[in-house]
Amino acid sequence: MADLTVDVAGLRLENPFILASGVWGETGATLARALRAGAAAVVTKSVGLRPRPGYPNPTIVEVPSGLINSMGLPNPGIEEYGAEMEEALRPGRPVIGSIFGATAGEFAALARRMERWGVSALELNLSCPHAKGLGAQLGQDPGTTKRITAAVKAAVDIPVFVKLTPTVASIAAIGRAAAAGGADALVAINTLKAMAIDLDLCIPVLGHGTGGYSGPGIKPVGVACVYELFKAVRVPLIGAGGVSTGEDAAEYLMAGATALEVGTLVLRKRDRTFRQLSRELARFLASRGHRSARSLTGRAHRGD
Amino acid sequence: MADLTVDVAGLRLENPFILASGVWGETGATLARALRAGAAAVVTKSVGLRPRPGYPNPTIVEVPSGLINSMGLPNPGIEEYGAEMEEALRPGRPVIGSIFGATAGEFAALARRMERWGVSALELNLSCPHAKGLGAQLGQDPGTTKRITAAVKAAVDIPVFVKLTPTVASIAAIGRAAAAGGADALVAINTLKAMAIDLDLCIPVLGHGTGGYSGPGIKPVGVACVYELFKAVRVPLIGAGGVSTGEDAAEYLMAGATALEVGTLVLRKRDRTFRQLSRELARFLASRGHRSARSLTGRAHRGD
Amino acid sequence: MARRLTHRPRIVTITGKRAETPLVSTLRWRDATKARPGQYVMVWVPGVDEVPMSLCDIGGVKGIAVHAKGEATSALARLRAGDRIGIRGPYGHGFRHKPGKCLVVAGGTGIACLAPLVEKLARRWPRPSVVVGARTRSELLFVERMRRTGAEVVVTTDDGTAGRKGLATDAAYELLNRNRYSQVCSCGPEAMMRVVASLAQCQSAPVQLSLERYMKCGIGICDSCAMGGLHICVEGPVMDSRRVAGLPDFGAFRRDACGRKERM
Amino acid sequence: MARRLTHRPRIVTITGKRAETPLVSTLRWRDATKARPGQYVMVWVPGVDEVPMSLCDIGGVKGIAVHAKGEATSALARLRAGDRIGIRGPYGHGFRHKPGKCLVVAGGTGIACLAPLVEKLARRWPRPSVVVGARTRSELLFVERMRRTGAEVVVTTDDGTAGRKGLATDAAYELLNRNRYSQVCSCGPEAMMRVVASLAQCQSAPVQLSLERYMKCGIGICDSCAMGGLHICVEGPVMDSRRVAGLPDFGAFRRDACGRKERM
């Protein structure tokens, strides 16, 4: 059987599949459930300094090729999240702490707290497409990206991942800035800004108007981003966006990813998500004579 | 029967459906075919100063929710295109000339030529996602967008449309720049940068590597862009991206569009594309008691 | 023309509106979707909010019983026939009904999700027993509706203004002593359901409880309704009491829109 | 696991390769897709190009006859059994065959797309007539294969090194005078096909011609193969001669990769 283990910036993972931030991640018990269901690691919901209720419902709407969500970064605040982390850590697998803030100082403070709560790595949300002054609005600027990354790196000893938005002129430029700031890995992509309008009521379905588009429809964009980042930087990449089958995972790996984050698929597959992906990827590797998931990383660049 | 006529920057259209650039548009006879098949207007293939063969094949690959193309702006050059225009103009409906160049001067020269060939309006391609130093690489910068738009406006008397890329931090900022340059209408969106990798050969399918993603999978992104532009500028908007049914068209209209460009749908519907869209939109309008397509424009903003 | 998407609100027009109690009104609309007793829908009040509501009618006409307590429910209660709302669902697990005599214990608006179950059960023998409890006479909901089913209906009010004075659990205790039940179904405050579940243990009848938690997505991904790693929106709202009993939050904690835990 | 996409190359392994003439080799692969005589595929030579090729074998083993003339075709001709290529299609309209006697006129590699048709036609009565023309003996393709079908085969070479000296159209003229044909099918240089079409007019037999134009997408959207508003990739490559005759470019102009018109 093909070897599925991978290593991302020192994190040894049993398989390349990580639960993406914001799905199943508001409570520690659900994170633990994902780990027990075969996720090699999980990313917490993005957590900020203070409790935040998020945007008004509806916060989710289906489109033919995915979902649009405008959760609006609801979270209980970093202090309360400590209790969730206790539960999340119980299965003994890596938990990655996602954080968001408005300034480099906020990010550093959150990072220190998350480190104390026991996460194995941090993920900086510089990419949420619908929160004013947060997320993508920071991560669209190379200077800000570098500054925040450097501030967090200086504040903690654990690896720091930076999660990028595809809604920029050049994701390679942002990736280089994050790498220059000391990022240990880059995660691409967060959701694309999108919207759905109700045709009977003639108003946007989501309470917030626009939201973030995830699921199968964004995979071609995510693969291109990972491919471009692989050419631009020398840090490991975590692919995300529409991973729904082992073959999708293989495509991201070939583009340059070392591991994958998976979100929207959990809607359809629930607890089967991660074991099924591992099984499918293993079957893919075996059928094509590849010995390991690792060996696929960046394969599509061989001819460059 | 509901009134489908619309007016875009002085162009009176029998229905809101326009053939998008690059689909069926390399030759004048095919543009005429689209007009005879019910398109209210057509946009030519993007034409440059000199003949250009485009990128190596494969230049097109299907994905589950659309197509990725890397045609690479093939065109016979503006001089030869005059002969095509003669044929395109035969049905007597508006032909919109799409042009691309590397500098404001090139755009102005092309615009003058297109005007001489008899187009009713110009569309500036500041948005092709895969051509170096052209298209999106210009349209991602507000200053360049404004400068090129202004140069073309100064060169011609016909309306000037600017076609925008969604691959920017803020499409509203680019839209405002185009409007400040004098754009008479904005077209949103061009394709999203994307890619597909062959899982057997472990190489990108497209000869050029990355390409532009079109079709149903990009509609939620296009609708959000039109919605944001409607809030940002006071010029008419032409929606594009994944329009496949009359309901899709209605959604774009409600978001703020006055007319629609349609590309990828032509793959499946051929000559039926435009009449079917008109029929479906008319049926939608009638079923919801709307009197005209026009009356839908911007409806989703009423509650703002 | 386009394919119907499961997780997208479909717009329906309210065909009927009735004030059932000073605080509770029912809204009804035509809707051919299949539903089981105990399932809920996400109700979009345009421009206001989208909130979970149990279906109190599950046939070709669907209905909800709205207890106006905040912005969304008050907006819902202000709607009239002809107004439009958006509906996603029915979602979640409803009540499974097995052959045999059933005890139904409802507290407050809890009767809303139990009413369709009683109507279903009462069509066959043996007739079910139904406890309808409320704080006071004016808050009693669906008592006539329950009587019409032919079920044995026991009404309780905390203040004795109607039926028996006392708690619904008191009546449940007596019924459990008097009859043999092959299952117990309950919906109401968690403190009440906790008692119902422990009372029923002596008869070793399986107990199904309908839970309420803060819901956003309704489809098991946002985690806002999570209790001990289970999503009430998908794995509930109706759950077996043995499963519920293992959840430390049951009867003790709930979460707010931020995901903060708060004492009930 | 994922659904097969129609317009995405599927990777096949070449199972057989044969040099048919000094310039033409055939490549074969196993492929269960349904195909009709006259259809073509888009052949992806990884790292090089993707080019249209008529199918010269349309059964469970598919084949193409490659005339090496440029980068892509030379790369194809260098491939060997075991090598992999990508295939999209079969695409386009093939030959419709009606009952009755058929005249088939092939010039050069044009016989590649006609061979499967002849094999199909020869299985029933009346036997078809086939003209196989080439400039010289060494460039003659599939003559033996055509003879084996039982069809009446007439070979012509421009220089008389094999068969009749002269043009394929000369032989076609004689056959048309000698026999009554209910249809004529032809593939080869457009100048030749133009003559075939006008010769056949006297018999008022419908004529089907297989055209070649510069193709990129193969699916009727990029417009690079357009002729008078028709897409040869979709509405062709096989078309009725009456339709073709109306196209001003036929036999006169073609377009290059830029879409520039050039004299043939």
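Each chain carries a letter (A, B, C and D) given by its place in the written order, and its residues are counted from 1.
Just so we're on the same page, contacts are C-beta pairs under 8 Å (C-beta built on N, C-alpha and C of every residue); 3 or more make two chains touch, one makes a residue touch a chain.
Model, not experiment: these values are computed from the prediction.
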item	value
Intersection of the contact lists for chain B and chain C	A
Of all other chains, the one whose Cα centre sits farthest from chain B	C
Chain A and chain B: spacing of chain centres that average the CA atoms, whole Å	33
Separation of mean Cα positions, chain D and chain B [Å, integer]	37
Intercentroid distance (Cα basis), chain D paired with chain A, Å	51
Interface hub residues of chain B, defined as touching at least two other chains	63-64, 196, 200, 203, 247, 303
For chain C, residues that touch 2 or more chains besides their own	2, 47
In the complex with chain C, residue positions of chain A that touch it	22-27, 29-30, 32-33, 45, 51-54, 56-64, 67, 69, 71, 74-77, 80, 83, 196, 198, 200-201, 203, 205, 207, 263-264, 266-267, 270
Of chain C, residues touching chain A in the complex	2-3, 5-9, 11, 42, 44, 46-51, 84, 86, 216-224, 226-229, 231, 234, 255-261
Chain B partner contacts - residues on chain A that touch it in the complex	63-66, 68, 136, 140-141, 166-170, 192-197, 199-200, 202-204, 209-210, 213, 216-221, 223-224, 227-228, 247, 250-251, 254-255, 284, 288, 296, 299-300, 302-303
